[in-house]
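Multiple structures are listed underneath, in structure tokens.
What follows is chain A paired twice: with chain B in the first complex and chain C in the second.
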Partner chain A sequence: MKLIDRMTRIDRRIIYFILALVVILPLVFPTVLKVKPMAPVEALYEAVDKIPADKALILDCSYAPQIKPEVEPMAVAVLRHAFARRKKVLVLVLYVQMLGLAQKALTQVTGEFNVKAETYEDSIIYGRDYVFLGWTPPPLIPMLGMGESITAVYPADYYGNQTDTLELMQQIRNYNNVGILVCLSGSAIPKSWVAYAQNRFGVAVGVGCTAVSGADFYPYYQTGQFTGLMVGMKGAAEYEELVEENLKVAEKRMASEAMLSLTYAHVIIMIFIIIGNIGFFFQRRRK
Partner chain B sequence: MNISTDPWVWIAAILSLAIFSFLYKENPFYRIAEHIFLGVANGYLVTFYWHNILVPVLFRPLFAGRLILILSFTIGILYFTRFIPRISWLVRIPIGIYIGYYTGAYIPAVIQASIIKQIQGTTLTGANFASWHAGSWGILWSVIVLIGVLCTLSYFYFSREHKGVLGVTAKIGIVFVMIGFGAAFGYTVMARVSLLIGKFQFLLGDWLGIIH
Partner chain C sequence: MHKRIALVLVFVFGILGIIPFLIPHPIVQNFDEFIRNDILRILAAFALALALGSLLRVHVDKIRRKRVNWQYSWILILSFAISSIIGLFGGVAGTGLLKTAIGSFHFDIQTLYENIIIPLASSMFALLAFFMASASYRAFRARSYEATLLLVSAFIVMIGFLPIASSISSRLPAFAQWVLNVPNVAGQRGILFGIALGAVATSLKIILGIERAWLGGGK
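Up next is the complex of A and B:
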């Protein structure tokens, strides 16, 4: 078989093997690749940073296990940012399967802060600094209902507490007391937040989405419907970079540690695309 | 190296490797893992919905005296009439209610959020120029977006043959469509590689303890 023919017929298992190697090696010998935050991520960071003291951040962790590697680092980074700046945080999910992942991210980040806290004031306290509202079906109900009253939509939180007895919920009653709603999702849920919560109540919506959704969501950022946007693992790494650089929160950065693997994998895929196309081009010329 | 002693981590790791084995070729390990996944996913969903929706939202309040929920229960149960051919037409009632509810709730909101606002985003206004955060280059980007939208729309206009002016705009439109597909493909590759990295982080970190 000639070289040209070989170029178009590389065994897919060779490609998988090389891809696995370039992904694994940077993970085993880690180097955090410094990423430059892009404007949409900076805009989201700024919006969270500038939430007034009397308003809260709503974090919608509507991501399922299959997109966890891309979106969970975003949830962790946004929570670290919010807690480091002592923002009030309400966490919710729109589908029941996502409860476990949201709770995991919350437990991890509150644990990171509380292990370093020296006083009660320094600690991140449930009910005072954050509330996990949990889930209520169908998604349209919280989207519209929280414009009137959050405690009416969520009479009890995830842990079964009456929400109207929680200190934080005395101050945060509806969207008027919300600085920004950040939706982390791999589906069209962010568009629904815009359609219902933003159009009707004027809530600022920030988004963290999978890379697959990125191309669909950029027009919403350009029109200002999304205040900021994180796309895929790279978006998460950019947010992690901003959090560490500005707030000196030095914790494990899952997305940043994966950037080198992601970069090498892209280079390898591009090389194989070029090889395949060169082979195809010469084969066609020969015919 | 600090290998996990958690049996659940081992099960997850072995099943992950079994799924990966498909990359070499179809094999019984892959099929076993696939069947386990389907069974577990279905069982998990059924029990989750039972414990988190049906019991707390329907049955518990119903037995506590909220009799109005009989109506919801009856409408919901009509979905199962599909299995009884003689009365299968009754399934149209819950489907009709569902479609009616979501159509009414969705159409006005989507027209405002995804059509009117997006059209506004393509107009050549100072606000749109500024939205690019690119100084005077914002004008250029806005003009490119406007040309792209108009030419792409003209490509999808099939009531006239693509000749003359329409032919030119349609050809420009297809260039924009291809760039869009390229961007979407690139992002899809990034998404899939990210998921692969996530899985390797689990295998090398949580399971084998090689990375921390």
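Up next is the complex of A and C:
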């Protein structure tokens, strides 16, 4: 077989092997790759940063385990940002299979802060600083219902506490007390937040999504319906960069550590596409 | 007769779903809140029970008739039963009636989720990267003018969003962002208008009883 033909027929096992190598090696020897935050991520960071003291951040962790590596770093970075700035946080999910991931992110970040806290005031306390509302089906109910009363939609939180007895819920009654709602998802859920929560109640919506769904969301960002936008692992790494740079929160940066793998994987895929096209070009000329 | 009742219910509740967006009067808003917070929630609970019952019935039937891969249905039923018992009686973090720890070995619902569901689902999805790499190598060829345009724009966006982009050219990230902000948005917006108009038309057809395929029973 000639070289040109070989270029168009590389065995898929070779591609798999090289790809596995470039993805795994940087993860075994993690290095933080610095990224320059882009405008959509900076806009989201600014919006979370400027939440007034009497208003809360709602974090919708509607991401499934399949997209965890991309979206979980976003949840962790936003929570770190909110807790470092002492923002009030309400966490919820719209589908039952996402509860465990939201719980995991919350446990991790509150643990990070509480292990360093010296006083009760410094600590991140459940019911005072944050509440995990859990899940109530179908998604339309919380989206519309929280405009009137959050405790009516969630009479009990994830742990079974009566929400109207929690200190935080005495202050945060509905969307009027919400600074921004950040939806982390790999599906079309953010569009529903715009349709039901933003159009009807005027609540600001920020979004973190997978890279593959990012292109779908740019029209909403351009019109201002999304206050900010984090796209894929790169978006998460940019947010991590902003949190560390501005707030000096030096914790493990999952997305930034995975950027090297991501970069190498993209470069390898591009190299294979170029090789395939060179072979294809010469084959066509020969014919 | 039962089809007529379903059609009337869809018409009434379809109209009731639209009205609160147009009339801000407290009576209308309170009634809408009652429908959403009480009726819709009860319906959702029934739907959940119905779905779980249906899932179990399908798999029990598969085992009884020894259909292809019937053995896997046992795994589903057993997993369903075990996770239901642990979830219902073990509490969220192992604080319920059922003891979910033997010494340092924990099997509460969160531990099961973090150690079984997350790795399984993540691994399944991770395989996609390998298939995509192989598929893009085989299919991404500059066969025509349109394919070349697609290839070039994909390369610009891919390189532009990599951390090394600014090392190649300081303008590359901004140019990749422009591709997403302008040509991409123009195309997406056209598609969105089409989808929105289509959704409005289909919804009206269902509410008015013109479209009845959802009732089933047709050939």
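Basically, the second predicted complex is superposed on the first by the 287 of 287 C-alpha atoms of A that agree within 3 Å, B and C clash if a C-alpha of one lies under 4 Å from a C-alpha of the other, contacts with A are read in each partner's own complex, and residues count from 1 in each chain.
In this section, contacts are C-beta pairs under 8 Å (C-beta built on N, C-alpha and C of every residue); 3 or more make two chains touch, one makes a residue touch a chain.
Please read all numbers here as calculations on a predicted model, not as lab measurements.
Colleague: Which holds for A:A64: it touches chain B only (first), chain C only (second), both, or neither?
Modeller: In the superposed model, A:A64 contacts chain C only, not chain B.
Colleague: Using the superposition on chain A described above, determine whether A:T210 touches chain B (first), chain C (second), both, or neither.
Modeller: A:T210 contacts chain B only, not chain C.
Colleague: Give one of first, second, both or neither to describe whether A:Y95 is in contact with chain B, with chain C, with both, or with none.
Modeller: neither
Colleague: Check whether A:M38 is in contact with chain B, with chain C, with both or with neither, and answer first, second, both or neither.
Modeller: A:M38 contacts chain C only, not chain B.
Colleague: Where does A:Y159 make contact in the superposed view: on chain B (first), on chain C (second), on both, or on neither?
Modeller: Second partner only, chain C.
Colleague: If we overlay the two complexes on their shared chain A, which of chain B and chain C does A:G276 touch? Say first, second, both or neither.
Modeller: After superposition on chain A, A:G276 lies in contact with chain C alone.
Colleague: First (chain B), second (chain C), both or neither: which does A:A195 touch?
Modeller: first
Colleague: Between chain B and chain C, which makes contact with more of the residues in chain A?
Modeller: Of chain B and chain C, more residues of chain A lie in contact with C.
Colleague: Which partner does A:H266 reach: the first (chain B), the second (chain C), both, or neither?
Modeller: both
Colleague: So, does A:Y126 touch the first partner chain B, the second partner chain C, both, or neither?
Modeller: Touch partners of A:Y126: none, neither chain B nor chain C.
Colleague: Considering only the contact definition stated at the top, list the common interface residues of chain A for chain B and chain C.
Modeller: Residues 12, 16, 19-20, 23, 39, 66-69, 97, 137, 140, 200, 211, 214-215, 219, 222, 231-232, 234, 262, 265-266, 269, which sit in both footprints.
Colleague: In the complex formed with chain A, which residues of chain B make contact?
Modeller: The touching residues are 23-24, 45, 48-49, 52-53, 57, 105-106, 109-110, 112-114, 117-118, 120-121, 128, 131-133, 145, 180, 183-184, 187-191, 193-201, 204, 210-211.
Colleague: Contact residues on chain A for chain B in the complex?
Modeller: Within the complex, chain A touches chain B at residues 12-13, 16, 19-20, 23-24, 27-28, 30, 39, 66-70, 96-97, 135, 137, 140, 191-192, 194-196, 198-200, 210-212, 214-215, 219, 222-225, 231-234, 254, 257-258, 261-262, 265-266, 269.
Colleague: Would you pull the chain C residues touching chain A in the complex into a rising list?
Modeller: The touching residues are 21, 29, 33, 36-37, 40-41, 44-45, 48, 92-93, 109-110, 113-114, 117-118, 120-122, 124-125, 129-130, 132-134, 136-138, 140-143, 151, 155, 158-159, 161-164, 166, 173, 177, 180-181, 184-185, 188-189, 192.
Colleague: Can you list the chain A residues touching chain C in their complex?
Modeller: It is residues 10, 12, 15-16, 19-20, 23, 33-36, 38-39, 64-69, 97, 99-101, 103-104, 136-138, 140-141, 144-145, 148, 152-153, 158-160, 200, 211, 214-216, 218-219, 222, 231-232, 234, 237, 259, 262-263, 265-270, 272-273, 275-277, 280-281 of chain A that touch chain C.
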